[in-house]
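Chain lettering (A, B, C and D) follows the sequence in which the chains are written, and residue indices restart at 1 in each chain.
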Amino acid sequence: MTTTTRTRLTGVIPPVCTPLTPDLEIDVPSLERLVDFLIDAGVDGLFTLGSTSEVAYLPDGHRRRVLETVVARTAGRVPVLAGAIDMTTLRVAEHIDDAVKAGCDGVVATAPFYARTHPVEIERHFRFLAERSAVPVYAYDLPVSVHSALDSAMLLRLAAEGVLAGVKDSSGDEGGLRRLLLARDAAGAAVADFSVLTGSELTVDSALAMGADGVVPGLGNVDPHGYTGLFRLCREQDWAAARAEQERLVRLFDIVDVGGTARMGRGSSALGSFKAALHLRGVIDHPVTAPPQIQLDAAETARVADLLKGAGLL
Amino acid sequence: MTTTTRTRLTGVIPPVCTPLTPDLEIDVPSLERLVDFLIDAGVDGLFTLGSTSEVAYLPDGHRRRVLETVVARTAGRVPVLAGAIDMTTLRVAEHIDDAVKAGCDGVVATAPFYARTHPVEIERHFRFLAERSAVPVYAYDLPVSVHSALDSAMLLRLAAEGVLAGVKDSSGDEGGLRRLLLARDAAGAAVADFSVLTGSELTVDSALAMGADGVVPGLGNVDPHGYTGLFRLCREQDWAAARAEQERLVRLFDIVDVGGTARMGRGSSALGSFKAALHLRGVIDHPVTAPPQIQLDAAETARVADLLKGAGLL
Amino acid sequence: MTTTTRTRLTGVIPPVCTPLTPDLEIDVPSLERLVDFLIDAGVDGLFTLGSTSEVAYLPDGHRRRVLETVVARTAGRVPVLAGAIDMTTLRVAEHIDDAVKAGCDGVVATAPFYARTHPVEIERHFRFLAERSAVPVYAYDLPVSVHSALDSAMLLRLAAEGVLAGVKDSSGDEGGLRRLLLARDAAGAAVADFSVLTGSELTVDSALAMGADGVVPGLGNVDPHGYTGLFRLCREQDWAAARAEQERLVRLFDIVDVGGTARMGRGSSALGSFKAALHLRGVIDHPVTAPPQIQLDAAETARVADLLKGAGLL
Amino acid sequence: MTTTTRTRLTGVIPPVCTPLTPDLEIDVPSLERLVDFLIDAGVDGLFTLGSTSEVAYLPDGHRRRVLETVVARTAGRVPVLAGAIDMTTLRVAEHIDDAVKAGCDGVVATAPFYARTHPVEIERHFRFLAERSAVPVYAYDLPVSVHSALDSAMLLRLAAEGVLAGVKDSSGDEGGLRRLLLARDAAGAAVADFSVLTGSELTVDSALAMGADGVVPGLGNVDPHGYTGLFRLCREQDWAAARAEQERLVRLFDIVDVGGTARMGRGSSALGSFKAALHLRGVIDHPVTAPPQIQLDAAETARVADLLKGAGLL
């Protein structure tokens, strides 16, 4: 467990897409360009190996390659967080070791999955991970993937004890997010450095208006300038301009639906659209996603291009 | 993809528990004793790295150690299947490589999980795995863990094309199992070697009466003689004796509930009880389960002992 | 709560389809013919207003008409159970009043639904209903519709106190059914009259071999002679003949899939196929199902006819 | 289907609690006081027989009594909407008839539940209801109760055809709400009168900032002045003051947890706390909730009182 004094992590911290080559290796030059693209747009940190990074699809060698590439290319310009995504504690701990070895500044872990897990076991899981980790541990609340939600009282208890440095809330439950924020503020100094980041890229202005510290927007790969600008407008409390910018991004988010639900899953469509957009914008060389995902076809890609044009990005 | 002519896998193929040392390493001598205990009881195969093996809790190094130990100790006495359990295709493929390298006779894979996956992606997943595997691939239908079920028509389509060698049905849907068995028989020669194994250890007599080829009983770790005897009675169509033996095993199965649901999850209780029983029976040295699972306490272990006595096993 | 001494309810108790006219009224003559058809085939009771009866689709006036028609036509030849299906306690209690007034011999109620309900509230629910009911109350375990399952320990506790007369188990969990049966037998005289009926029409031979008292088969509308014959074979322990007959019925059950899943839900397809079969067999006048269900088209109906022919019923 | 020209429904429209007497009848004087309390606080409409009204717990006679009481007492001061909550189409249609007969200004219906329903059947359901209804029909998106969500494209299609007058969005999906609002605005005049109301009482400022027309806050029973004030602040775009007021209400919302989850369900705790608060504030005579809900005890009620004091309401 780290003993370093922390300041709360804030701002725009996109989950970095993982460019692949057609033969399914990490496309290192594309990943380096993406890192630069994001940092040049003013992001405040990088979250590598998150769900949007296709972490669930990447073997460990690929994951290590991603960590090394991103840390090296970032070169300390912004903090780098790493998803340590696996089924249970000992497996997650090994990913944490890899992230620490690669030089990441923090790690992000979900509740256990595949195994059915009791709340007391979830709490034990995070305690064990923090014990093992040389960098701060952030909890990742992602019920859509892990089929259990993180309890707010548990989060704040672990925050107060220094076990958790923050949470990435992808629960989609904005009321719950707000209750967590108020409970944190009520809990005082002991949890004052606990970061609350939202993964909901369509309601960033709302989340920041409520007091969230930052945002981890998948769509931030495609339009990082949009999200850094939006964050600034919110900090300036220019809510009308923030709303307009957020609405432009909501319209752009329609790209995630280009694949429909008949011939592929929502994941294939969403991750495929992000990569298609990055390819169309010239940031990455190949819009390839990992198997068993279905690739977007020409018509679907053309629809992504139309939406990029509509958002002023092509 | 293998081109070897196969015969259908049949009989009792227990998912082998993974004994751990108190410092959470693989307890090799205990695992070797367990392998002998099971083979000496007359089992027809071993399924290593299944859910009952705590596969979700074991890092890759632990998994490899298990595979090497089991294959070496088995020494060809029975076939060894290996669970290749991970989130998506490329990760599963690496586990398959490890299993093949270790000398396993077949591999067992679920639908993708964590990632939300469409039926066409599940089918692609199995095709990709079979393409990659040098040994037969069995599908593992486990909706309670992966949150999607395998479609019978897809299974038989993949069977007919030689992609899948069988299915371990842990869906708990006995009506669906029966429809699959009849559909297989109706489909004729092309799928005649497709094994249908049930993971439902409480209805083995029913499943065999319906025509299932075998059973993968977690409780078979604790009482392998019970399951091999039950299988023989069913093959002899001595249904009254089979029912009596199955009912003895159902009563023994009460061990899975000793931990209750208040202070631990069902998984901790069930896996803990299997290991406690193996420890009490002198097969393994430590009843330890992997984190974040909760360990059984003395009273809970005493209850396991009582139930073992009731079943004539202590 | 009834104080009458009971004997355990046993045998084949089909959930009676509810024939409708094209203008969505109860088709009384068709319903009378169906009642005769079932009783003439030797069924041991009738379960009216169950899920297969489209109870969820029928307004209260329709429900009362069904109860009156079935009770009058049955004229005491077999017991008549009535589903009292509604969201919570007071609403269910009114359906119980209607059933008692109509002269039914027992009522069947699920756990609450729509409202999210705690196990202690489910138990209170059944206690309240039994207090109110002048006839025996049976619990209906139907997690697919009500999204919570009934706990076996609770069922037996309520059985011992005379609150519940039995359970219709449509959980699809045959292992759980077996554990319940053994727990009932272990609990002795206090629960000896507690009936355990399975709603799983594809595994009747299995359930009866395990000790279940009877079966509530939706498909029994279409082929009641099949189910009464199957029950007799099981009671005679002619398991080979029982299996053959059950397998014929499993093949016939393919009618539930004729509508597919693209243009309608599984419910529309299944209930539509039962009514189409009854229409084709000349028992009811119209194959109409209630809105918002989709009606089977000519090709789908032709497929039902083919399957009826295959089962020797046309 | 109504042909009246409509204006979009807007503002604060609380789901009115249903006061009961200790013998579980409608407490008419208390309900009349509650209606006055809400209207005097400046609400823009009343939503009677919603989930917060315990509609799932009320027999039809109780429901009719509620409708008559509320319509009579309201006497046209604000529009009255009525929940027509039941499993499927014909049953819902009868509740609509009751609501129309009682003089309500609109009805609110969910997707079918208990029955498993396909999207095309959900659409048919709403079309059938609108055909039957003499007043505007609002869709109620409540996946937590009905286990299916309403598709935005379907909502707008039905809006454009005059089938639906609006939606009460209790999906908890604020990103989806925003996408719906932008899609509505993009669709132009045909859907311009389609009201989008949020049921999320903790993020009213966010929802109104996004363009939602109004809010249906359960907590608005307890503090209607809070919600009407909050609505006004949002309309005036005084976001800082709105946030402060919303946060006061979020803190007050802690009353829903006073019962915990050990001895009762969340519903019992939440509805019990609203009624306890109304009782403590002198609006209703009895804090009774309908069976099988568990009643709050003295300590839990004291905690409600403390939270009311904290919010300046006692």
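Definition applied: a contact is a pair of C-beta atoms (placed from the backbone, for glycine too) under 8 Å apart; a residue touches a chain by one contact, two chains touch by 3 or more.
Since the model is a prediction, treat every value here as computed from it, not as a measurement.
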Between A-B and A-D, the pair with more C-beta contacts: A-B
Farthest-lying chain, centroid of Cα atoms versus that of chain C: A
Inter-chain centre distance, chain B versus chain D - centres from mean C-alpha coordinates, in Å: 49
Distance between chain centroids, defined by C-alpha means - chain A, chain B (Å): 35
Sequence positions of chain A contacting 2 or more other chains: none
Interchain pairs in contact, sorted by label: A-B, A-D, B-C, C-D
Chain B-facing residues of chain A, complex: 24, 56-60, 62, 85, 87-91, 93-94, 112-118, 120-122, 124-125, 128, 144-147, 261, 263-268, 290-294
For the chain B and chain C complex, residues of the former touching the latter: 172-175, 178-179, 182, 200-203, 205-206, 209-210, 237, 239-240, 243, 247, 250-251, 253
